[in-house]
């Protein structure tokens, strides 16, 4: 029944997201004993100009 | 004063969103006694490749 | 498959929460066509000193 | 170590976001005593048709 | 830099949380290539009367 | 109309929260041009055993 919300910088491809979802779900079920079927994962792909670290935009700190 | 955050698969049209917002707000006010004017609803339209269920992407599980 | 997250001031009893969960789920399913079984609702009961409106704590604005 | 999540209507430019991130981070560090480097800010730019106030979409209430 | 937010039913002990945090962080870093040091995990322990599934409270569906 | 959600370690007193809410709201209104009255701030006070950094619980990394 757990919900896992991932916020990360945008740009990951579908295969990476699939691997993330699979891994997080398997680990959650293994560690907490919940069923894998009940786990929801939602990914939020954040643009670099929408993420701040230490007061600076990631767009400035990590230019492409 | 409540905030209702809805995460759902993308693709709903504006009329559907309007109906959701209206219904959630009316029900919230009726059940909790808050004013309708104070209710915020925020919808997050999630792409199928950003939603995992049971360890699989919705994009794989429910292809278009 | 939708997730509905409700943030509201703490203090509602279990019957009220049950009514909220039932109503939000039924309406979500009716309006979007998803199954009721797939809807998750998570309630966050926020203390008055953890909610700000217009720059003031709800604890100050709405004392008990 | 705090995380600040901002939900606001879309349309703000990068300079405004930079100013928001800088200001929120500085104020958070000043008031709580945490280091600026540890503060994450994530901005969610919400479309007007995804925001409801008082049961109505912002898209209807505040047309462009 | 990713943020992982976990919502699950309350009642897990500290060792389980430690294992969750370790595993989620390691997997996130392995799969996306980010540094482990940059990963934040926040756990929200939800009471059974604050979680709805299929229109019913977990408190009703899964009594202690 | 913005919503500011703050996740931080628990333990801040009411005066600190009041100052945070005031400052975040004032700055948000000044920078984006929204009204102060429309800004909601919600604080989530996270226990040290519910926060992970770099794969470790804050409870372990920063013992009391």
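Letters A, B, C, D, E and F mark the chains in the order given here, with residues in each chain numbered from 1 onward.
As a working rule, contacts are C-beta pairs under 8 Å (C-beta built on N, C-alpha and C of every residue); 3 or more make two chains touch, one makes a residue touch a chain.
The structure displayed is predicted, hence computed values, not measured ones.
The most distant chain from subunit C is A, comparing centres defined as mean Cα coordinates.
Farthest chain from subunit D, judged by C-alpha centroids: E. Between the Cα centres of subunit B and subunit C there is a gap of 13 Å. Computed centre separation for the pair subunit E/subunit F is 20 angstrom, with centres defined by C-alpha atoms. Residue numbers of subunit C whose C-beta contacts span two or more other chains: 1, 3-4, 7, 20, 24, 40, 42, 44, 51, 53.
Contacts between chains form some other arrangement here, matching none of path, ring, star or all-to-all.
Chain pairs that touch one another, listed by label: A-B, A-C, A-D, A-E, B-C, B-D, B-F, C-E, C-F, D-E, D-F, E-F. On the subunit B side of its complex with subunit A, the touching residues are 7, 44, 46, 49-57, 59-60.
Against subunit B, the residues of subunit C that register as touching in their complex are 1-9, 12, 16, 19-20, 23-24, 27-28, 31-32, 34, 51, 53, 58. If you check the complex, the residues on subunit F that touch subunit C are 4, 14, 17-18, 20-22, 24-26, 36-45.
The touching residues of subunit A, counted against subunit C in their complex, run 1, 3, 40, 42.
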